[in-house]
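Structure first, then comments.
In this document, chain identifiers A, B, C and D correspond to the written order of the chains, with residue numbering beginning at 1 in each.
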Amino acid sequence: MLEELKEEVCAANLLLQQAGLVVLTWGNASGIDREQGLVVIKPSGVAYDGMTAEQMVIVDLEGNVVEGDLQPSSDTPSHLVLYREWEDIGGVAHTHSTYATAWAQACRSIPCYGTTHADHFRGPVPVTRPLEPEAVQGSYEWETGRAIVRAVANNNPREFPGILVAQHGAFTWGGSASEAVRNSIIVEQIARMAAVTEGLAPTVGPISDELRDKHFLRKHGPKAYYGQTE
Amino acid sequence: MLEELKEEVCAANLLLQQAGLVVLTWGNASGIDREQGLVVIKPSGVAYDGMTAEQMVIVDLEGNVVEGDLQPSSDTPSHLVLYREWEDIGGVAHTHSTYATAWAQACRSIPCYGTTHADHFRGPVPVTRPLEPEAVQGSYEWETGRAIVRAVANNNPREFPGILVAQHGAFTWGGSASEAVRNSIIVEQIARMAAVTEGLAPTVGPISDELRDKHFLRKHGPKAYYGQTE
Amino acid sequence: MLEELKEEVCAANLLLQQAGLVVLTWGNASGIDREQGLVVIKPSGVAYDGMTAEQMVIVDLEGNVVEGDLQPSSDTPSHLVLYREWEDIGGVAHTHSTYATAWAQACRSIPCYGTTHADHFRGPVPVTRPLEPEAVQGSYEWETGRAIVRAVANNNPREFPGILVAQHGAFTWGGSASEAVRNSIIVEQIARMAAVTEGLAPTVGPISDELRDKHFLRKHGPKAYYGQTE
Amino acid sequence: MLEELKEEVCAANLLLQQAGLVVLTWGNASGIDREQGLVVIKPSGVAYDGMTAEQMVIVDLEGNVVEGDLQPSSDTPSHLVLYREWEDIGGVAHTHSTYATAWAQACRSIPCYGTTHADHFRGPVPVTRPLEPEAVQGSYEWETGRAIVRAVANNNPREFPGILVAQHGAFTWGGSASEAVRNSIIVEQIARMAAVTEGLAPTVGPISDELRDKHFLRKHGPKAYYGQTE
């Protein structure tokens, strides 16, 4: 079942590797079929080389395996929290990519230092608060998802398509698994450029709200004029 | 029409990707046919993989689409300002390459720290001033072009074949689209080496005018002796 | 003899190169046959391109060459000390990979700044003390091995699968040669991310013991639930 | 004439590119036939892609072109000074590789922070003094060579197989063109690791003379025991 979605999710996972965002078996991407309420996700700890669509695992929104011979990613509950909370997202990705993870380890949100950032995020890339010890020792992966939702708070997740989980790594989302992975690529590049920027100008501040919104809105929303009309 | 120029502009855009200067669909290059006053430019938001010469868009110097099924790059007006202002340039490129963009985000020009830099720029790589809010909310892409022209000021654009647009990224130019892209490659490498240099010697100053001009003039101008005579 | 182990050790050495951890002929990996008490190791100073299993050298635990036309790696004695000391390891790898070596040159252990680190090390990546002049001028490579053992001290080498040798580079180990190399890849990535983290947050501290153990133990030990059960 | 040497010099130049040390047409390598006193060198400003042995240029030790349709590298005189001064070197290479050039631009020699460095240099990688204005405006490329010789001074060029030319880039040498290029690769890697090391430990000092000589002499000289005996 869901063969097409499995193909797309497998391709999205492979794109994580091709884009240089993963080391060994780290990272994972998933996609959801909203009609059936089923999520397709990468199996846990499986090598990217030779990964096939058939290996993808189907789980329901409570985390029960519906189809698949392998265990789903151990991060599955974090994905599920996001799908349950935000009904208009169709894909989620998680990486330990170098620069995004460094910002996460620094427990810092990424300030909006330029238009590359503003083209994709309508403000800083947020960072979660570190989990309390009880949350770590409890349902850790579910708590991680909840910490993401708390940090996005009242912002629109389509205007903030990713986040840094403190001391951990990046989660991103989008309309599909592949769009979620594209946002992983973008967060890593934003994170790298912001790190170099601070090295060159330690006291630099974020760009103006006008410039940020100009760029965000020329790519997103009803008045967007970047790209091709469909 | 302009089939040869479309081929060259397409190849120049692909070179941006091959040189590692672009992420996803970011970046664009264009070339001009001065006799006809027509510019060939990359379409907006189109993937580099599978890009073809037929997809290139032809616009006139006012920005009207003369030929092409796709929308031209949203940065087209910035390119057009440069072609209108500087009659001896034949190509323009725009990137968000990592180190050049970091300097742009730091709102800093790149000091001439060595002969690699002096081989290609006869002084610092300039940076524009951030745009005023009215310019951002007005004809933003035209204003970006005008900010570039103001920052180059009375300098010869052939001696300063590129610039950093504050909080944004790099624009470069040259005798052709491919030369403009070569200058994008050079600006990124200059930017990377200058960033590392400052990390190693925070108080280092620029090289002497003598050394700078020695290198610039052995590659450029009537007494150049680098490369092959034609 | 030991043809299968030679194949595995050769493949592990080639993986060092494919993973970008070696320059020229630097680095080496070995594996042990515990029943026979024999170690297979890369020959000294041989190019990775065209390396074959037949070139691997067999030595006993005293360092005598048992089979092979080439000299074994000059670092062989360091490997042997580890095999003699820790009976449950099956492979050892040594690299001068960029970031791990930089931490070694800085004579610093790598603090546990995030879950990527905690997934693989149950605490900091340790660093040895610099060798005394007599040790350098004596049986240098044997002394290097002993310094590693002293620095791991009473910790479990399966919970600390690698170390930085001060002013030198990284040694890693595991159940097999290929697992040792995977740990080399992990140490390099941990080292890179930690270096960037300190640049972004110079006063950042390590993660909590709870979070560290949560991640380490979800991947290792009797209650592990990452990956596939076998 | 000198067909074999041309093949080797061409291959050495291509290795510069394959090793990621050059951008565009930057960099060059040469080799000498000591019997005939003739040097084979890369032509000036020619693309690496498609470069052939036939394009290599033969010059005598005064810089006169003996064979070849193209102009020799504009850096040829710098190479010639080294061949004239040091009779036991057989090859020279010059690059603007990123980290080596950053140290050169910082006008700093690279301290010996670890054994990777000591395996190849018996002390710091030296840096020249910046040229005086008269030298820049005079026979600039000859003066560059002389500045290198002055900076190596009474040291053995086989124990210091490369140097940083202040504000410029790296020159390296060796028994052949390919060995000179290998030393370019080594200098770049040493430079990169030293830069990261200083970021992690700003007050770190060089390794002890004992450790430095232990490593240098296990690879070089009569008591070397690294690699294979021939």
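Note that in this section a contact is a pair of C-beta atoms (placed from the backbone, for glycine too) under 8 Å apart; a residue touches a chain by one contact, two chains touch by 3 or more.
No experiment lies behind these values; they were computed from the predicted model shown.
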item	value
Superposition of chain A upon chain B: rotation angle, C-alpha, nearest 5 degrees	90
Mean-CA-position distance for chain C and chain A (Å)	32
Whole-Å gap separating chain A and chain D, where each centre is the average of the chain's CA atoms	46
Set of chain C residues in contact with two or more other chains	199
Overall pattern in which the protein chains touch one another (line/ring/star/complete/other)	ring
Listing of all chain pairs that touch each other, if any do	A-B, A-C, B-D, C-D
Residue ranges of chain C in contact with chain A within the complex	113-116, 182, 185-186, 189, 192-194, 196-197, 199-201, 204, 207-208, 210-211, 214, 218, 225-229
Residue ranges of chain B in contact with chain A within the complex	23-26, 43-46, 70-71, 74, 96, 98-99, 101-108, 130-131, 133, 136-137, 140, 167-169, 195, 198-199
